[in-house]
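By letter and in written order, the chains are A, B and C; residue numbering begins at 1 in each of them.
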Amino acid sequence: MISMNKLIIAMAIFCALSAQTAAATPEPWAALPPAEREALAPLAPQWNSLPEKQQHNLRILAQHYPKLKMDEKRRFQNRLVTWAQLTPAQRQAAREKYRAFSQIPAEKREQVKQMVRQNQAAKIQQPASGVIPAAAQPAQ
Amino acid sequence: MKKQSQHINHQHIAKLLNSSTDQLDDSVLSALRQARTVALERQRVAEPVFSLSAIGHRAHHLMPHSTQQWVATTIILAAILIGAIGYLQDTQMPVDMEILTDDLPIEVFVDQHE
Amino acid sequence: MLTSAFKRKERQLATQAELGQFLSRIERRAYKHAVFAMHDSHTALDVVQDAMVKLSEKYGDKPAGELPLLFHRILQNTIRDYCRRQQVRSKWTTLFSAFGSKHAEEEFDPLDVLEDSDNQSAPAIPDAAFGQKQTIALIENALSNLPARQREAFLLRYWEGLDTAETAIAMGCTEGSVKTHCSRANHALATALKALGVELP
């Protein structure tokens, strides 16, 4: 009975510690698995200076990268640097906006997408406005 | 110069607002009725005592008794909580992935002038 | 066992009748509170249903006398949650200006896409009732233009008839804050109504 209790406590402590340590272990770029380095390639120059938690989140995203389609992979890598350079508050705001947008009826979402595409096409023909952020790409 | 009156006739405004609520559209009224129905279907009922005591007797031997067992239970619960927090953070991941791969540009969702 | 089950059902029925009565008394005013804040009928209806369900699920077993204050608190919190979400949504719609032409020929407005498609103009009303309807419309417009906290305080104090302490509970602030919000609301409304030429007896 006593040894059973000790075993339970030992397991509990182990669970708690492993839950914590799994959360945030910083890895230098060179130590990342090749598949993750491939996904996160645009971030190679600044990887080692990113906070641990952000590295952890990005690595999780990288693990899903192989399953993406070609054009999704391209967008992912195009946007990665912009995304990583946002403040946590900006990222959180973006998530909320995305969720809000997802709740709009499908046909209205599609209308909005249409407009954005049209606008971008128009902007490409008149590049003089100069307000397009560097990471913006033509509709793909 | 006459001081601008800040007096508002609250009673009259209340009367007008009540009048306004009497003039609501039928569609609004029926939607409100429906909302009321939904809410009533989910009304919380006070727990009857008899069922709690029935469970209580059988669950007695499952509760922690010794100090060791209490400590173990607390640590396990703490570990679950830490794991849950980690899980919740990770549930941001699908949204992040969507934003990074959506056919709408990231600037739609990101205000870089904040 | 059977007696207990029967007694439980009896208790529930009594409370359900009271809850039902309370909701049917307050639903129209709740809708007005919501529509002043959300500026949109559909959203306001969602807010009201949300608040009613929360009241019913969490406090449906409370004594009937406690329901009004509980409901007002829940309603205000729900309105605030929806407003926050709506602000987020309207933030990104204004982002479209970054994609739109800088020049005046903006023949489309992204916000139009999201406008309620069954937005109808008000039906014609007979002349006799027009005066009062117009006054009501102007007052309601002025109310919906107030800052949220001022409007909340004003409506809870002067329309719902809550006292300062009750209003403070419903709004989750101090009585001092309630008084400040009310005083500012009074001033703002007085100014607005005067500018609109609305005279009240």
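Here is the rule we go by: a contact is a pair of C-beta atoms (placed from the backbone, for glycine too) under 8 Å apart; a residue touches a chain by one contact, two chains touch by 3 or more.
Bear in mind the structure is a predicted one, so any value in this text is a computation, not a measurement.
**Q** Going by C-alpha centres, which chain would you call the most central?
**A** B
**Q** Which chain's C-alpha centroid is most distant from that of subunit C?
**A** Result for the farthest chain: A.
**Q** Between subunit A and subunit C, tell me the centre distance in angstrom, where each centre is the average of that chain's C-alpha atoms.
**A** 37
**Q** Calculate how many whole Å lie between the centre of subunit A and the centre of subunit B, each centre taken as the average of the chain's C-alpha atoms.
**A** For subunit A versus subunit B, the centre distance works out to 27 Å.
**Q** Taking the mean of the C-alpha atoms as each chain's centre, how many Å separate subunit B from subunit C?
**A** Roughly 17 Å separates the two chain centres.
**Q** Where in subunit B do residues touch at least two different other chains?
**A** Those would be 107-109, 111.
**Q** Listing for subunit C: what residues touch at least two other chains?
**A** Only 91-92, 96, 98 qualify.
**Q** Give the residues of subunit A touching no fewer than two other chains, as numbers and ranges.
**A** 93, 97, 101, 112, 116, 120
**Q** What residues of subunit B sit close enough to touch subunit C in their complex?
**A** Residues in contact with subunit C: 4-10, 12-14, 16-17, 19-22, 24, 28-29, 31-36, 38-40, 42-46, 48-50, 107-109, 111.
**Q** Taking the touch rule as given, give the residues of subunit C at its contact with subunit B in the complex, in rising order.
**A** Interface residues on subunit C, with respect to subunit B: 1, 4-5, 7-8, 11-12, 15-16, 19-20, 23-24, 27-29, 31-32, 41, 45, 48-49, 52-53, 55-61, 91-92, 95-96, 98, 132, 135-136, 139-140, 158-159, 161, 186-187, 189-191, 193-194, 200-201.
**Q** In the complex of these two chains, what residues of subunit A are touching subunit B?
**A** Listed in rising order, the residues of subunit A that touch subunit B are 2, 5-6, 8-9, 12-13, 15-16, 19-20, 22-23, 57, 60-61, 64, 68, 72, 75-76, 79-80, 82-83, 86, 89-91, 93-95, 97-99, 101-102, 112-113, 116, 120, 133, 135-137, 139-140.
**Q** Report the residues of subunit B in contact with subunit A in the complex, numbered from low to high.
**A** Interface residues on subunit B, with respect to subunit A: 66, 68-69, 71-72, 75-76, 78-79, 82-83, 86, 89-90, 92-93, 95-112, 114.
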